[in-house]
């Protein structure tokens, strides 16, 4: 049984206009979540573990050609196609809007990965291994997955829990470490405001292309973006028409109806390619 | 007085049928003689008695049981484990329908098998008189008569064309 | 135990019955004739009200056309199919099933307005982003005149082929009756049966012709039903992509055709005085087939529903809401009850299947179910996306139901009445019992003794 | 319809029990060879489980490959049994008699083989106990209250397959009782005991026979719906996958079922031809039977082709970019387009062209060739449905990839074929693959009708 927690609904905003494709998020994720080192052969076999990956698309013809980057991570869909197909309940949707994976239950039918439109679910094809020098680098908060099970982005749930513990027990700001005044030390996790809890990728993004917060949390811009995205869906339901040119907000594969908890902001083209 | 089984073996179905007529004429009740064959002859081919059975009840009972069990199982497991998955309702009916259907069919079939075995009075290892030649195409006429009438029954069978008549004590000695 | 008819008596009697027209028959003829006229009235009124611009108001007309099309198309298929399998039980019903081909002419007339009603594939008025807005059809960009004229060609093909089958299979009977018949019938028979003297050669030619035409008809019918079901139903609901729908349509059509045949058989056997010639075995085997089709129907329907329900795509949710759960929920429930639940409950019992009324009852239920199916699908399709919405990506919100007005009611009952009317006339035109087939059957079936019991002896020619 | 000379019971017993009472010389040799192949395949599977799935050719977009293809294929083969024995029993077709039992037993074994595939294809087979115990009646682990997730097709699958397997095994055993009695009377010693047990003291009196006959019909009628449901549910494994556009098609259920019948019936025809050849059952498996099977197959194949065309047409009908991408991959990208052509040719055009000519239907060599190519084609069909759909999932072209099966997978696939043949060979040593009593019944019921100068073969019918 799932214990009822505070009504968080986590969400991430990816601003493609800021993304430079520097792969810092990928490395940070790798380090934070005990992901095995991706050697060359993994890439060649298309078996690299990347909970978040930077997809690179070329636009235009040589010579005037542009590289476009889009970071793809688990979209934590509300209607996640991967969830209901698991025979052993190894993945389900918790009440904080996060699509969680239970490593102990997973038997590796790989149906969830087959049914994931974003192909963000990784399968452990080999027993993970690290060089001796990296033994102490492993994160004690994160399980080391065995071979034969699925894994994927968790929105760094271990950091979430750590942050909760800090807020409610020690009364420390998770990042800055300042004391929280006694009056605001409540047990309802309300202190988990934008910024005092960040996934590794968001924390490491040099251009703030990634933003993360509770979707109800109005202390930051995230809420507005999500409201805009939901508005679009609403107008479509009413049979209205959404003018794509006036909004930057969109969700990946809207038409599949997966209702992701990650929204993307379109790239603004200051110097669009002239039609050659 | 106790009834004794006696088995006449016939080479052709016609003789066996004749024997049946003769037995009927001799006033042996139809419940007392039976035709052992290695082939399903069409019903009433020997003018034998009409066998009634209640086989058709079994699948219906089984289906009902399977239906209830299936519905209970599927609904209760879902409700006992209320994990939100892909925006589907906690109690999703269409998947229930699939699994319930399977359980219904399974029990229906299992009950039918039980019914068949039960209705054809199997297993019956303490069988009465039997002769392995029956599975060679000979047709056995198994008669239960009072000990007194054994001999004339035997005579009756032989003149109907039985190539051999088996009686219990012979079988025991053999 | 059913005794096989005396063939000489049979041919005389059947010829007599074909000529005579008893009182109840006349009454039925008049009644359905009145319905026919009412239907025409409804059609004219509808045309006067809304004209032929929009397809929306004509939903019920599409539905009634499709009903008649389903029955008249599928019925001849029954005799064709079981002539292939050489089943003896089909002999009494083959002519009944082929006579429905004549109703196909009415069907053809009903189709002509629909041809003009169907919106074109591309619409220059509603241009999205400068380019021609194109709706999804199985014709894609489409050959010249697609879809309208090609659909018409298909329907004509079906009707003509079935007429040929009817003629070929009625040939020996007409030849037999042409001397006894009088007046118009005599003229018709002698014209149509030409120089048929029943030589071995002619019989072989007829058998081969029936086989070939049958195979051809089978494929034509399946294909045309695929065209009709996708052009007039599926492609009118933007974004509805449902590959099983043509199959469901065909199955419903088979159901209705078979049901109509069983009902007709029951009527002519009970009140038409053909009791001696139509054995229970026809109903018994026929009911088994009907049960099989019914189960297949519900199976395909569930396959459609489950896939869409699980898919959770927005368009899929909308289509389910529109056709199944919300807008036309009542009609769908009736459809399910009459096409599956009730006939299944009737046919599952062996004694009922062995009777004559059981299969006929199931047949009647199935016909009602088919009517519901057509109303649900075609009225829904006609009103799903009015005007330029038809050229959108997909049906983004669920429309409200459209209830029939008086003209729609007139058209529906009129259309059904007209079909019955034409069929009744057809029964006066040709013997409703395939004399030569029943005679042939009498050659290959007889009762024989085996040891002490008496059993049916079935001979298979080959 | 019937050909061949009449036979009496003695002869039927002698000739049909030849496979049991005296085994030919080649028997154990063939068994050993097949067994060796199976052993190799098992060790390959062990190696794979030990090393992890890296040793296969699977990769991130293509997470399902040869194993699932093979699973669907064997499930398909298993549909022959009920198709033949049930439908032909219900329609009282005379020519079913020699075909039924071989078909049913093929059903049982191919089902068992098929079930091993999903098990070894899981990442942690030692944990699949949590999954495969999802029988309708045995949801696992009452104690900890951890239930199977009945929302997934992967749970419908086991429930359907178990139902089908259980009922077909029981079906076969019930139909075997009279033949066990025959064996009981022919054998001695321990085997006599065992057969006696299995025959349950069968005497062959009127009541037993009557129920035996009813059982055949009733069970057929009951198993038919199960047989349809099994492959539908297998198809829903794919049909429910909304993310893979070319899979998410409503027609999949009937399409798969008809395809299964197509491959299954051809497999049965092949098995019958082989049996006729190795055991010399010319009097029982006659040309007329193979001929009838072929004519049935023409109808089935055409039906299958109709569904195939529907599936493809509506694939393009949607005009959605991702679906078009999959279709392009299937129809234009080499080598897939070549495989596609081969598959359509082998599955429909070539065999139907063969079956249309009577002389070819009567030629056993051509027939067995046709049956083999049909099954190759059907195997390819499943492969071409599963892999391209995954290789071109959705529109993130950055993730598109292809699939190259590894030697391990090849070995295991070959092993499954060896396993099924081995099991069939073994069972032929234990039970008669042609129902004795059914043949005998056909013999006593056959008669003829005189019409003028010709005599038409005929049969006695009880109603």
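In order of appearance the chains are A, B, C and D, and numbering begins at 1 in each one.
Heads up, the rule we're going with is that a contact is a pair of C-beta atoms (placed from the backbone, for glycine too) under 8 Å apart; a residue touches a chain by one contact, two chains touch by 3 or more.
Keep in mind the model is a prediction, meaning the values are calculated, not measured.
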Most extensive contact between chains (C-beta pair count): B-D
By mean Cα position, the chain sitting nearest the middle: D
Centroid spacing, where centroids are CA-atom means, of chain A and chain D in whole angstrom: 45
Chain A-chain B separation of Cα centroids, rounded to whole Å: 66
Cα-centroid distance, chain B relative to chain D, in whole angstrom: 30
Set of chain A residues in contact with two or more other chains: 79, 81, 84, 86, 89, 256
Residues of chain B engaged with two or more neighbouring chains: 13, 41-43, 46, 56, 81, 85-88, 92, 98
Residue numbers of chain C (touch at least two other chains): 306, 310, 312-313, 450, 455
Pairwise touch network: line, ring, star, complete, or other: complete
Touch list for chain A against partner chain D, complex: 45-47, 55-57, 72, 81, 84-89, 105-111, 113-119, 122-127, 146-150, 253, 256
Chain C - residues contacting chain A, complex: 310, 312-314, 317, 396-397
Complex contacts: residues of chain C adjacent to chain B: 302, 305-306, 309-310, 312, 350, 450-453, 455
Interface residues, chain D side, partner chain A - complex: 51-54, 58-61, 63-64, 118, 121-125, 127-128, 130-131, 134, 146-149, 151-155, 237, 240-244, 390, 393-399, 401
Chain B residues within the chain D interface of the complex: 13, 34-43, 46, 48-49, 51, 53, 55-56, 59, 66, 69-70, 73-74, 77-78, 80-81, 85, 88, 92, 95-96, 98-99, 101-103, 105-106, 108-110, 112-113, 116-117, 119-128, 130, 132, 134-137, 142
